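Structure below; questions to follow.
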Amino acid sequence: MKIGVYVCECGSNIASTVDVDKIVEEAKDLPNVAVSRVYKYMCSDPGQELIKNDIDEYDLDKIVVAACSPRMHEATFRSVLEDKGLNPYVLEIVNIREHVSWVNSDKDKGTEKSMALLTGAVHRSALMKPLERKKVGVIHTALVIGGGIAGIQAALDIANMGYKTTLVEKTSSIGGKMSQLDKTFPTLDCSQCILSPKMVEVNRHPNIKLLSLSEVVAVDGYVGNFKVKIKRNPRYVIEDKCTLCGDCLPVCPVIAHDEYNQGFSPRKAIYISYPQAIPASFIINPDDCLGIDPLICTKCKEVCGPEAIDFDMQPEIIEEEFGAIIVATGFAPYPIENIGEYGYGTIHDVISGLDYERIVSASGPTEGKILRPSDGKIPETVVFIHCAGSRDPSKHLPYCSKICCMYSTKHALQYKHIVHNGTAINFYIDIRTAGKDYEEFYQRAAEEDKVIYIRGKVSEVLKDGNQILIKGVDTLSGETVELHADMVVLATGITPSEGTKEMASLMNLAVDINGFIREAHPKLKPIDTAIAGIFIAGTATGPKDIPDTVSQASGAASKACGILSQDELEIEATVAIVDDSLCRGCGMCAEACPYSAIEMQVINQYGHSTRIAYVNEAMCKGCGSCAAACLNGAINQLGYTDSQILALISALGGD
Amino acid sequence: MEEFEPNIIGFLCNWCSYAGADLAGTSRIQYPPNVKIIKVMCSGRVNPMYVVNALQQGADGVLIGGCHPGDCHYSRGNYLARRRIAVMKRLLEYIGIEPERVRMTWVSAAEGRKFAEVVEEITKDIKKIGPMKKIRRENIW
Amino acid sequence: MVDLKNLIEITKKIVSREDVRYVVGYKKGTYGFQIMPAFAYTPEDAEDFIYSPVCSKNLAVYTILEEKLPLKRGEEEDKRKIGVVVKGCDSRAIVQIIQEKGLKREDLVLIGIPCKGVIEPKKIEKMFPNQTDLIDVIENDNSEYIINIGGKTHKVPKNELLSDVCKSCEFPNPPLYDVLLGEEVEITEIEEFSKIDELDEKHTEDKWEYWKRHFERCIRCYACREACPLCYCKECMADTLNPQWIRRSVNLSENAAWNIMRAYHLAGRCVSCGECERVCPVNIPLMELNKKIERDVKKMFDYTSGLDEEEKPLFGMFKPDDPEDFIL
């Protein structure tokens, strides 16, 4: 074995506090060192040439460079090795700049420390082995989970880039929460009008397969090669045959609450959520229908001209493979029932923000007239309470739900536009208008449309005859406030949608303390998850408005396409490796692995079925947590093996 | 008599503490040269037996550095390390190894100053208690 | 008191089953207070089975000791079950091994014995040294051991001979068994394993003086490892040469490293049967190390080993709020 040692002066950066000539001389006496040199700038072209020439001349097979941090130039020197046909992983960098010369001015001590580090590196270098960057194939299809605006945007972007995409939606129609909104801030354009063209595009797109009423039930595999099981629940109406003629509606004897209209209007057991729903087909809700039993009632089936109704539909499991997955499972409003102090549930005219969206919507139960639920009268005073459930760490959600300031302002503005002489009052803690044109929107509401803003928290909401008595404090004047309103709208916050946690655990994704899916890095990898090939978009990761959601969805789509566009993916070289002869199959490594990259397999060892840990190299990220968990070193990390680290310890210890 | 200069081995994770130590360097923060760093990808890689081995092989102290809780590049390696080191540290203290000799710290990539302070502190502490002799390996076979 | 007839009857029944290979129990030793492991392959073999307060050995170790020799082509694996007589701690060892997937529950038939504690061999041998004849020991209802030596009957208060680990035992009843011989033992009083606190309060140097004295005497025979039902790695880290974690030489440094490693590797796994200490030829108080870790692990992570087959390994998981007062 021949090791070449190269010490960099880095101008005077290293040489001024480290006696480089001395360590170069001493390095010559270290085991296996064939050549040891110093140069002013090792990373420069002449410096690199120096190493390249030596590789040829001395037939070197390992290189040790003592210079700056490996974070600076490890890649540079690796390519030097590669240029000369050496494996890039037989390079060892000794950090004598950031860790020695720049932090210490005593030349003797600096030289001594550098020498110790260099000695360790040479000893470790002797134990280094060439590593292989393996490659795995890629399946060129994507899965998008969740058919809200995030999922729709992501699916469309991927499909438009030419890749087959499967969009899985739990409910009977895509569109998500955005489809229930009347208008969107700050432009006040109609939510449905900007959303439905996208929904139609999803339906028509040749690259998109839409699975409504479906749930992901199992996810296996790794980046480029996910194996997914999707459970498809029966619609009991054949999508392709249904013409939306509605002949079934008058004959259905069942009346149920219409979820789309927040229960403010009735629907039948056979219904379509809303006219623009995609897939454009009726559905029979099996919980409402008289039992999906032709013996009890077949009225809809009898009148259905196209024979679209099929009571015999069964749930089915679809198995498909995907190269990348986007999780866009969205949010659920904070359960308003939890906020008892604001009178919801006991006072009829206390409603949630989403209730208000339906009431104010032209397609809603009141056809856009603002009528209060209790008596159908036009409310003369409406109070909007911000942060209903948000920013309340003691009782409710600790975080800011981000969109409520804006949507309450929008609600107040809409009210003023419809009920011109009415009074709209907002109770707020802070007004947060960080977004393009958001502040202007708020100013317009307050100044042009005379929406009243009171800074303070509401303490009590009480029924007072036909009216509602609101008690609170105006924290700007310090005075208590008592006023009467005809209707109260609570700006409920954002929580992870039901099933987010289960979905995350299916894919081994982490969730944060509030139950939102955790991103790989909150700042620099907000779209990635800890699992390669799985990305997140929209409110599944935390409160977001529509523009942020859509941008994140497009980001996730482009990240996914970054994978789908490859034929092969290069995987981490410093992965875990198992010594079958030592492994006793206890699985402690598998438990320690953050990526589920270790699977316990039963193999035949000399006739005995034996449990052995198996590392899926495509999933392993090379952290080494498994190696430290193993009781007898049966699993190791390539590039950081126990032997190498113990050699380093020995050299640094000085024994 | 020459002053005792402790020899301390530091296991630092690549993503946070090692980067923090780099930042101390680029910020030119001066600190004692006693800690010699071994880079590992994650503090979760640190087998607590490395600590014992280091104390045997001439280290007067051991420092383990990881990302702050919740910030681990591998999401949980630092939490696992915290458990393992907690048990090993208490065991070593129980058999009479000074608690000052085995230290763990969370240093983020932005905490160059903190890294330097940690090094100052442990160097000072170990100087006070003197060289590790108890389980040090005598180089005889 | 375990009904011996019942034990033999049940063992016979189990051995007679087609899906059972053998049952491991206790039989009389050759002299003094000795007992031996007994392997009943046939109902007749079971006639030798005994159970008495001197049956301290943890038989769980025999479930994992068997060497799996390479099979010839065409030869089938013997998938029959193994029967084991288990006390509380033995059963916990089995639970722990099952948890670590070293055994499958369906590979075992467990004859559970509610345990009133065992006699520490070293104590009884000290009280009645140099016995050449086989001696019976019986426990009466007054917490006394009845010991018959050469026609003379000795009554010894139980506390004088009881193993120290048994005095602080919280789990005398087997958590896992197929048949239980007799009524479950009621847990009346548990003595704290107070030696740990005594030492914990001492000065660092005194602690070291204490352990140095013990570690210096270690002859690295590894009897502690061999007797332990949970030391069953294919090759121990103390034996590997590449890397060499611990040198072969017998000196304070390596001995200390070995003893630290042994104790650390049992963290969250040790079931406090006390076998390691019992077999130590130089009387190193190994259980004090094990108990120290057991207590730390309970206090810091609320973790107890050997009770739940589905529990996850201590070091394979974490809680975000695990203690970190020691972190700078």
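We call the chains A, B and C, going by the order they appear; numbering starts again at 1 in every chain.
Methods note: contacts are C-beta pairs under 8 Å (C-beta built on N, C-alpha and C of every residue); 3 or more make two chains touch, one makes a residue touch a chain.
Predicted model, so just to flag it, every value in this text is computed and none were measured.
Asks: So which chain is farthest from subunit A, going by the mean of the CA atoms in each chain?
Replies: C
Asks: Looking at A-C and A-B, which one has the bigger number of contacting C-beta pairs?
Replies: A-B
Asks: List the centre-to-centre spacing of subunit A and subunit B in whole Å, with centres computed as mean CA coordinates.
Replies: That pair's centroid distance is 34 Å.
Asks: Taking the mean of the CA coordinates per chain, how far is subunit A from subunit C in Å?
Replies: Comparing mean C-alpha positions, subunit C is 48 Å from subunit A.
Asks: Multi-chain contacts in subunit B: which residues touch at least two other chains?
Replies: 48, 53, 56, 76, 80, 84, 137
Asks: What parts of subunit A, by residue number, touch at least two of the other chains?
Replies: 592, 629, 642, 646
Asks: Residues of subunit C that contact two or more other chains, please.
Replies: Expected reply: 237, 245, 315-317.
Asks: Show which residues of subunit C lie in contact with subunit B when the two form their complex.
Replies: So the residues of subunit C in touch with subunit B come to 196, 199-200, 204-212, 237, 245, 247, 249, 251-254, 256-257, 259-261, 263-264, 267, 289, 292-293, 296-297, 300-301, 314-318, 320, 322-324, 326-328.
Asks: Which positions of subunit A touch subunit C when the two form their complex?
Replies: Those in contact with subunit C are residues 581-592, 600, 605-609, 611, 629, 631-634, 641-643, 646.
Asks: Along subunit C, where are the residues that touch subunit A in the complex?
Replies: It comes out as residues 68-72, 75, 77, 100-102, 232-237, 240, 242-245, 265, 312-313, 315-317.
Asks: For subunit B, which residues are in contact with subunit C within the complex?
Replies: 48-49, 52-53, 56, 69-70, 76, 79-80, 82-99, 103-106, 118, 121-122, 134-138, 140-141
Asks: Across the complex, what residues on subunit B touch subunit A?
Replies: 5, 7, 9, 18-19, 21-22, 24-26, 28-33, 36-42, 44-48, 50, 53-54, 56-59, 73-77, 80-81, 84, 116, 137, 139
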